[in-house]
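Labels for the chains are A, B, C and D, by order of writing; each one numbers its residues from 1.
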Amino acid sequence: MSLWQKIRKTGRVAEPAPERAPGNVLPAAAELGGSVQLRHVDAGSCNGCEVEIASVFGPVYDAERYGARLVASPRHADALVVTGPVTRNMEMALRRTYEAVPEPRLVIALGDCARNCGAFAGAYGVTGPVSDVVPVDAEIPGCPPRPEAIVAALRELTGR
Amino acid sequence: MNLVGTLFCTALAICALSALAGLATPTRLRLPLAGLGTAGAGALGTAAGLAALLGESWSAWLPELLPLAGVRLAIDPLAGLFLAVTGVVALCAAIYGIGYSRDGLDGRVVQAAAPLFVAAMLLVPAAASVSTFLVAWELMAITSLLLVVADHRHRSAVGEAGLWYGVMTHLGFVAILAGLLAFAAGAGGESFDQLRQAELSPALRGTVFLATVVGFASKAGIVPLHVWLPRAHPEAPSQISALMSAAMVNMGVYGIVRVGLDLLHGGPVWWWMVVLIAGAISALYGILQAAVSADLKRLLGHSTTENMGLVLIGVGAAGLFAAWGNAVLAALALTAALLHVVNHAGFKTLLFLAAGSVQRATGTRDLDQLGGLRTRMPYTTGLFAVGALCASALPPGNAFVSEWLLLQSLIHALPTSGVVGAVTMPLAVGVIALSAGLAVATFVKAFGIGFLAKPRGPEAARAAESPPAMLGGMALAACCCLVLALAPTAILPVLSHAVAVALPGPGAVTGEVSLHLAGISSVISPLLIAVALGVAVAGTLALTRVVATRRVRRAARLWDCGGGPMSARMEYTATSFAEPLQRVFDNVLAPESDVDVTPVKESAYLVESVRFRAKVPDRIERRLYEPVLSVLTFVGRGARHLATGSVHRYLAYGFWALTGALIMLAVFQ
Amino acid sequence: MTETMFTLPPSLYVPLLDLACGAFLLTGMMVLWRRDLAAIVRLFALQGIALAALIVVLGVYEQDVELVAVGLGVGALRAGLLPYLMRRALIAGGAGREVRPVVNVATSLLVAAVLAMLAYAVAQPLIRLSPTPATQAVPIALTVLLVGFFVLVTRRRALSQVVGFLLMDNAITMTAFLTTSGVPLVVELGISMDVLLAVLVFQVLTTRMRAAFGGTDLDELRELHD
Amino acid sequence: MGAVLQVVLVAVGSPLLVGMMRQVRARLEGRAGAGIGQPWRDLRKLVRKEPIAPDGTGWVFRAAPLLLAGTVLVVAAVVPLVSTTSPLDEVADLFAVVALLALGSVALALGALDTSTAFGGMGASREMIVLALVEPTILLSVFALSVRVGTTNLGTIVTSAVADPLAVISPASLLAAAALAIVTIAETGRIPVDNPSTHLELTMIHEAMVLEYAGPDLALIEWASAMRLSVLLGLLTSLFAPWGIATGNAGLLALLLAAVVVIAKVALLGALLAAGEVFMAKLRLFRIPELLAGSFLMALLAVAASFFLA
C-alpha cells in the first residue's frame, strides 16, 4: 500500500525528451529501425562511465523510451558499448565479443578512455584505444560523458 | 489346429531350433542363425497374437507332455495381446542382437538361452492351467537369470545383480505358487476354466489375490519389490534388457489382470485400492529415482518401474470402477492400462536398444561422461529422440495417448464414485501429473545430456555409429512407436477384445481419426495434432524464410563470455542437471554427499585437492531390505551352530522332530 | 423484529457463504506458507474478518439480529483486539521470521492438502445428516482445525504457535455456527474471554522470556527443562 | 473462421501485449517507456539480422525455435478466445494444450543443452524442474474445471461457463482460477518465478536458455514467448470470465465484437500482471517449489470443492 502511495505521489520522473534534428541517423544504424540492443563491455574502465550508463537507463533520462536496451548476451545485441582503454587482459575478450555479435553490428566508444586512452595513455597494461582493436562507429567524448551526451548519441542510433 | 495354434506352435518350434542352433553351431554361424530364428519366432508370435486379438481363439490339452497334469494351453484375445507385444519386442531385439552380440556375448549359453527366454514369455500368457503357468513362469525366470549373468566375467556388478534378481524372482514365484495352489485347491481343479467357475469364500479369494499380486508385482518391478529391477535390467546385455524391461515386466500386469479380473471376476474395493496405491507409489518413486540417476540404463530401468506403476494405477482404477458398478469407466481404465503396456513396450525397447548402442560405442553408460553423440552417431541419436519423446508422454508421442485415456477415466469417475473415490481420484491424478512432469525432465536429461552438446569424456569422443543390424532393430521399434502414436485408433478396437476378456462389455474407445470415449465427451485426435503441428512448424519456417533478409548462417565461437575456449568440464552434466530436483525432493530421496578437503602440507589454509562425492541411495532398499538382510544374516549365523557336522547331533534332530510331531498329534486329537 | 430486516435470497446467500468460507480456508492455508511473523498475524486478522462475515451472512439469512451482533463482536475480537495484542508482542519481541519450521514449507502445504482431503472424507456423514449449504462448509472448518493443529506442532516460534492455537479456536467457532447456528451468547463470550486471557498471558510471558533469554524460539525453552 | 481470426490476433497482438505490459511497468516506475510498438520494432530488426550457428550446435538447436513457435500457434488455434466453436476443438483438449505447451518448453530446453554452455544447461535444468512441478497443478485444475461439464474439451467448458455465469464465483472455480494464475506466471517466466529482464545469468531461467540465439532465431523465440503469454492469459479469461465470447455459428460481426472484447480483457489482465510485478521481488529458486506447492494445494481444494460442495 505504501509503495502504491509512493508511486502515486512521485508520478513521472522522466524528463521531457529534448528536441532533436530529424533524419540525423548514423547510416550504419539505418537498418535497425528504432530498436537498438546494447551489450556493454568494460574493457578496463575506472567505472565512472558505468555510473553514467546506469543513470542513462534510470528513470530520469530513460533511454529505453528511444528504443535502446541493455541485453545480457552479445548474440542479442546490435551494438557494443565499450568503456575504458582496452587493457591487455581484455583485448581478446573484446575481439571475441565483437565476433559474437550478429551483423549488422556497431561499436560505440564511450568516454575519453575508449576514444584515445585518456588519462591511461601509455600505461603498461593498456593496449590502446578501442579503435585499435575493433572498428568504431560512434564516439562519445567526456570523462565521463554526461548522460545527456550518451542519450543524444544513442538517439542517433535509434533515430527516435 | 487353427491359424493361431499353427502360428504359435511354429513359433515355439523355431525357438527350440534356434536354441539348438545356439548350442551346436560354430561361432560364425551361431549369431545369424539364433538371431534370425528368434526374430522369426517373434514375428510368428506377433502374428499369432494379432490373430487371437482379432477374435480367433485356440486351446489345446497335451496330457502326455508334463507328468500329473499335462500341458494346457489357451490363447484368448487377452493372451493374444501379450503374445503380440512379446513377439514384436523379440523381433526387434533379436535383429538388434545379431549386430550387438558380435564381441563377447556370442557364447553358447547366451545364444541358446535367449530363444528359450522368448519361448517362455510366449508360453506364459498362453498357459491355461496352474501347473502349465507355473512351469512357464519358472522357465522364464531361469532363462532370464542366465541371461542377466551372461556378462559376469567382465563386470563384478553383474554377479550382485544376478543374486538380487535370483532371490527376488524366486520369492515372487513362491508367492504366486502359494496363491495359485490355494486357488486350485479351493476350486477343486487346476485348469483356468475350472478356476473361473469356482466359488470360494471371500477370505480365500482375498488371500489368493494378495499372494498373487505380491508375486506379479515383484515381476513388474513395483515398489517396494522393485530393488532387483534397476540392478538386473542394466547389467544384462542390452537386447536382453529390452526383452526384460519391455516384455517380461508385462507378464506381471498380465498375471494381475488374468487372476484378479478374469479368474476371480474382480473383487472388493480394498483389493484394487491396494493395486492403485502400489501403482501410484511406484510411479512417483520410480520416476524420481530415474530423474536423479546418471546411469543411462539404470535410468531406463527406474522408468520401467514408473510406467508399470502407471499401468497398475489403470488396472487398480478399472477394478475399483468395476467394484462400484461403473462398467463403462472400468473398461476405459483397463483399455488405458493395456494400451500403456503396449506403448511402454514400444518405446522401452527402442530406448534400451539405443542405450545398448551407446554403451557398445563408448564403453560407458554414465551420462556424466557422454555427450556429443549427435554428430558421431546421428541415426542412433534420432532414434533415441523418438523414444524419449514417446517416453515423456508429450504429443505426438505414443505414451501421451495412453496417459490421456487414463486421466480421462480417473477424472470422470468423480461424480459416481463416492467419498473414497473423491479422495483417491484427485490424488491419483496428481501423482500421474507429477510423474509425467518428472518424466519430461528425465528424458530431456537423458537425451540432452547424453546425446547433444559436446563429449564430456574421451570415450564419448571416440564413438562411432552402430552396424546396420542394430540400427534395423531400433528402426523397427521406432516405427512401431510412431504407428502407435499417430494411429492409436487402429489398435484400440482390437485392444477392446482383450479388455472384454477381463471386463465383458462393449469397447470403451471408438473413432477413426479422433478418439471418442464411451460416456465421456472428451475428444482428441493424435494424428491431427501431429498434422497441425507439422503445418504450424512448416508455416513458421516459411514465414522466417520470407521475412529474413540475411540467410547465410555464420559459424561462430560459442559465447564464452570472451574468455578462453570452453572445455568439456564446464558443461552441465546429468548430475548437475538433476541437482535442483534432488534438492526439491530432498525429503524423499535423502541424498548423501561428502566433501574431503586435503590441505597442502605446509599450511592448513591452502587446499591441495577437494573431493566431492554425491550419491542417491535407494531409500527403500536401505530402510526395508537392509534390516531384513541383517536379520537374515544374524539368523544364518545362529543356524550355523545347529550344524556342527556331528552325525549324532543330526540324528538327534530327527528324533526330536519325530517325537515332537507325535506329541502334537496326541495333544490335538 | 424480523419484518424490518433485509432478506437474503438463497441465490445470493450460497455464493456469499461459499466466498466467506473460501476466504477463511485460504487465510488458514496461507499461514502455512508465509514465514514472516507479521504477515502471519495479518493473515489471522483477515481470517477473523472472514469468520465475522460468515456469521453475519448466516445471521442476515436467518434474520437473527442477535447472531449478527455476535458476528460483529467476534469480528472485533478476532480481527481487531487479538491481532493488535499479537502485533504488540511482536514489536516487543523484535520482528521475526519462522526461519526453519520443523517440516519445510512445501511439504507443509502438501500435508495440508492431504489434511483437507481427510477432513472432507470425515465430514461426509455429518453433512448427510442435514445437507444445507451451511453444513456443507463444515469440512472447511475441520480442515482449518487440522491445519491449526499442524501449525501448533511444526512451527518453532511461540507466536506462530499461538496463531496455530487461535486457528483451531476459529475453526471450532465456525463449526459451532455452521452446524447449530451458534452457541449461546454467554458461552461464546466465555470462550472469547478465555482466549483473550491466554493471549495476554502469552504476551506477558514473551516479554519476560525476551528479557531473560533474548528470543522466543521454543526449542531453546528446552534448556529450562534440563 | 474463428480459429484463423484467433491465430492472426495472437500472432499480431501478442508483441503489442508485451509492449503494453512494459509500458505499464515503465509508467509505474516513473519512466516514459518505449511505447507499445517497441517489441514489434525489436522483432523487425531481429529478422533482418544475420542468423548464427554457434560452434558445435546442430539440428536440435535450429529446430527448437520453430517447434516452440509451432506449438504455440497450434494452441492459439485450439483455445477458445474469440469463438467457442473451433474446427480444431475435436483435435485437442485441455490436456493436449498443456502437453503442447510443454513440448515447446522441451524443444527450447534441448536447444539450450545442444549449445553445451553451462548457462544453457542451467536454464534447461531449471525450466524442466519448474515444468515438472507445475504439471500436477495444471492437471488438477483441469480436473476441477471438467468435473462440472463432464469433458475436457475447451469449447464445451467455456460454453457452459457462458451459460452459467454465477458458477464462476463458486469456490471450486475461484480456487482453480488462483491455481491457474500462479501456473500461468510460472509457465510464462514472469516475476516472482523468473525475471524476464534480468541481466544476471545466475538468476535466469528462460533467458539462460536463449543466450546463444541470435537474429531470426531469437525473433522466433521472443515472438513465441509473447504468444505463449497472451494465449495463456486469454485462456484464463475464457475459462473464468468468458463474457462476450462468440458461441455457436456466430457471424463475422459477432466474431469481431468478441475479438474486441477479448483484446480488452487480455490487456486488462496483462496490465494487472505488470502492475503486480512492480510490487514483487523475484523468489529464490528454491522457494519456487513452495509457491507451486501452494498452487497445487489450491487446485486440489478446487477439485474437492467441486465434488463436495456440488
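Heads up, the rule we're going with is that a contact is a pair of C-beta atoms (placed from the backbone, for glycine too) under 8 Å apart; a residue touches a chain by one contact, two chains touch by 3 or more.
Note that the coordinates shown come from a computational prediction; the quantities given were computed from them, not determined experimentally.
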| item | value |
| --- | --- |
| Per-chain CA centroid nearest to the all-protein CA mean | D |
| Centroid spacing, where centroids are CA-atom means, of chain A and chain D in whole angstrom | 33 |
| Euclidean distance of C-alpha centroids - chain A vs chain C, Å | 56 |
| Centre-to-centre distance between chain D and chain C (centres being mean Cα positions), rounded to whole Å | 36 |
| Per-residue overlap in chain C, given as positions that touch at least 2 other chains | 106-107, 117, 120, 124 |
| Multi-chain contact residues (two or more partners), chain B | 422, 426-427, 550, 554, 556-557, 559-560, 584 |
| Shared interface positions of chain A, touching two or more other chains | 73, 75, 102-103 |
| Chain pairs in mutual contact under the definition given at the outset | A-B, A-D, B-C, B-D, C-D |
| Partner chain A, residues of chain D touching it in the complex | 26-35, 38, 41-42, 44-45, 48-52, 198-201, 204, 207, 211-215, 218, 278-279 |
| Complex contact set, residues of chain B against chain D | 291, 371-372, 374-375, 392-395, 400, 404, 407-408, 411-412, 414-415, 422, 426-427, 429-430, 432-434, 436-438, 440-441, 444-445, 447-449, 452-454, 514, 520-525, 528-529, 532-533, 536-537, 539-541, 544, 547-560, 566, 570-572, 576-581, 583-584 |
| Interfacial residue positions of chain A with respect to chain B in the complex | 41, 73-75, 90, 92-94, 96-97, 99-100, 102-103 |
| Contact set on chain B toward chain A in their complex | 550, 554, 556-557, 559-563 |
| Residue ranges of chain C touching chain D (in the complex, touch as defined) | 11, 15, 18-19, 21-22, 25-26, 29, 33, 105-107, 109-110, 112-113, 116-117, 120, 124, 127, 136-137, 139 |
